[in-house]
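Chains: A, B, C and D, in written order; residue numbering restarts at 1 for each.
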């Protein structure tokens, strides 16, 4: 496994995923779309953690443990974020970021 | 099954080629699906592409021999988070024909591309891709920390993290419920039109009475 | 668990809501279903029981139909006499809501008078709605509702039922509905006897009963023979008539009949009915009969005698001769608006019988002539 | 399987193929077998269900096509194959097309970790149980896709209900299994079955018990309560009555399947029955020992295994046949129970369903996990783990103590929760009545 795939290849995939997620989070107008971008970024971080664990120190559990923590955080973030999106939708009747600007002054 | 197939340490060139092909396909799927997530107009389609991306990432974990993480990825991301996202989209359908991206999307694209290019392009270009073979006998499987080690870690060295994660989940659960909570009287049961009408009349009457009392108090 | 209290006619079930109900109700429900499952392996033939399979596996097993079950109307006839109960009174045709019953009233061939019988009786089963009004209204208890329900067919036209297909014997009906028949039996049979008395010849006999018809014909022939023979010798036993066959003889007979008909057309516009041809043994008798008929016609006043009995002779010449003679006789007779139906002649084997038949035909012609005069 | 393929190709024919090719062929054969068996036996499950439910309703059921209706499912299959495939114009074509595949594929994956007999498991994953449930949750996505892509309100409502139900009931299912996993200390399904040897008491708890293959988890209070909770959750996951609100015909036509016809509808149907079979199978494996039963353990001990290479191949066959027989008997027995429940109970309302899952089953399974911890402590721990007082007890006494304590705890929790739940339901009904009464009074 580690012989066949170089670590850098995995890292490049993760980096590309992170950049795509960043673009999505910054540019999508839909709040749910923003959330999806953030999920992609978290995923890329997880790939990095697992890859480093696998290639560098497979006998220690720090990598997978932190990956699990990140998955936990992602789940919590998704739940709270989506609850907020629903609350926002109920208040403003829209989920577009541009329209949700009451605090702009 | 593929997992076991790949895990078998045959020490044979075609096996490596197979793994490389699988990895390439998975990487293409991950990147392609992620691109679709951020560019596709229909939000539901974006969510479905996101699920595809999650699934491909789980498969990537399998090629990295992180079975537990892969299964947790499927369980949590594909089974729960994507469902949550789909639910949120369906509860908040925005009108069609709106602009997909914000006004300054090109700035976001620039930032992303700049990040990718500035940080990784030199690495990609300047790096030599032949990594050294791991030392030791080829046929002997490496000792990997498995799910038991992770479990033991949770109750020993990572116990604080573990508990913080537990508290985080609890807080998120309660917070999500509080944020998305709707008044009980409306949520209890679906009122018929006449019932709604009556209810509104009563609320109005109560409001009038309250204001009358307030006026009297003044 | 459950208590029942009776308040007058109302039974109040107290299921004790709010008490400890840790799933016993669910288990009870399972128990009930289990009892049904376990009990379903035996057949339940008693409908007061709730366990057991009720299913009747239809093509192999059938339930006995209740007597009053009604599906499609049929016509009854008497087993003994072979006579149909129907008198052609048109009651059913009038009441039928989808109007699928069509009746042709029978007429006396000699006198042309109405006879209490139907020559044709058609029910279109494809449009029938099984209301049973026809059976209700039938004053002679002739129409009854059958219990047959497997009438599916790919050919819709085959569901137009003619009389021969509708005929059922009374014994068949007593088989399926004994109680219902017992109620009306006395009246129906009495009315039937009355009808039979007014039915000449074989009119009103169920068409399917060829044996009955043959026997009846012989009976009639014997009766006719017995009349003249009463004075003279006793009538010889009439031998059985042979069945009509499609032979060259018959062709000749047809030819003769056609000629006779043509002659009639020239003579009078009276509707001519094709004579019923039965094959006699020898042509002489036929010739004789024809001559006699012609004579009788001649003697009679302007009554247009139709072609008498054209019998299939052994050779065509004799038939031709008979036909010519008949034609002559008809020509001689003046045109009259009275239509006389041909007398149906039985087929005697020997000359005596033929003579008798001729006499009878002559009598009939005479009678017709007289009637024509009277009118 | 690989041993057999290796035997045939390399020993009998002497071709000397490399081991990776042997492995590949072995996996392909197993996969082909499973993919062939799954739809086929699903067809006969439909016949089984129809016959059984007919008996419960004092009928006979389909018995016309072939002997005792054996070919009825084939006739149904031919019919469904020849039906026209209709896609609504308003539907999202691609999603509409992919959804049935997304529903069917996970159910087929789940066969990968299902042991059929001793040594007869496609993949002995050490995370088998987790894999099973992770994959089963994927089909919820397919249901959502089907409901959304049909652009039909019934389909969407059905899909929402189905997904909400599946996600909610996954929690009690996994929590009830967690208690079992605590006791066995492994997520491997094979290990789970091996644990259940013994006679009423597992040999792993009390080593002196004779191994008759009857030390099933159902005989312990922890296992019994977990079984009840798990089976109820399995009914909800498999969308069986009384939890079949996603396809409540009288309310929402056919739920997410409304706009599907022909073979796509057939695929949904297939997925549903295969999932039901798998849930019954996993129930029998976890709580009723799977292929464990009198005789199998002994036969397998005589057979050729990696542990015992000097065995006789006859014992392999005998153990396999007997084990598969036990396993399938239990599985079809549970399918009968599913049908039985379908015959007995009415459909729940969606709020009743959610209340039952969240307010009754989840607390119950949480209590059960606590019981399982007590069980593990009393039967396995010693002074080294901080339980010095059990040190001097004999294994049987320890087992009896664990049995008594967990029984009392579980029974008490069950009765208490049932009472509280019934009271809350009554209170809720009363509130509904009050609201209605107030409204009618005002009117």
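We adopt the following convention: contacts are C-beta pairs under 8 Å (C-beta built on N, C-alpha and C of every residue); 3 or more make two chains touch, one makes a residue touch a chain.
Remember, it's a predicted structure, so these values are computed and weren't measured experimentally.
Considering every other chain in turn, the ones in contact with both chain B and chain C prove to be D. Using mean Cα coordinates as chain centres, the one most removed from chain B is C. With centres set at the average Cα position, the gap from chain B to chain D is 27 Å. For the pair chain A and chain C, the distance between C-alpha centroids works out to 92 Å. Centroids of chain C and chain D (each the mean of its C-alpha atoms) stand 71 Å apart.
Here the spacing of chain A and chain B, counted between their Cα centres, is 7 Å. Residues of chain C in contact with two or more other chains: none. Shared interface positions of chain B, defined as residues touching 2 or more other chains, are 15, 68, 72, 80, 87.
Across the assembly, chain D contributes no residue that touches 2 or more other chains.
If the chains shown are joined wherever they touch, the resulting network is a simple chain of contacts running from one end to the other without closing.
Chains touching one another form the pairs A-B, B-D, C-D.
On the chain D side of its complex with chain C, the touching residues are 52, 55-60, 63, 340-341, 343-345, 414-415, 418-419, 422-423, 426. The touching residues of chain A, when paired with chain B in their complex, are 1-10, 12-13, 15-24, 26-33, 35-37, 39-40, 43, 46-47, 50-51, 53-54, 58-61, 64-65, 67-69, 71-80, 82-87, 89-90, 94-98.
Across the interface of their complex, chain D is touched by residues 17-18, 20-23, 26, 29-30, 32-34, 36-37, 39-41, 44, 50-55, 57 of chain C.
The part of chain B that touches chain D in the complex is made up of residues 1, 3-5, 8, 10, 12, 14-15, 44-45, 48, 51, 55, 67-68, 71-72, 74-75, 78-80, 82-83, 86-87, 90, 146-147, 188-189, 194-195, 198-199, 201-202.
Of all residues in chain D, those touching chain B in their complex are 18-20, 23-24, 27, 31, 92, 95, 112, 122-123, 125-127, 130-131, 133-135, 137-138, 140-141, 144-145, 148, 156, 160, 163, 167, 170, 187, 431-432, 435, 439, 442-443.
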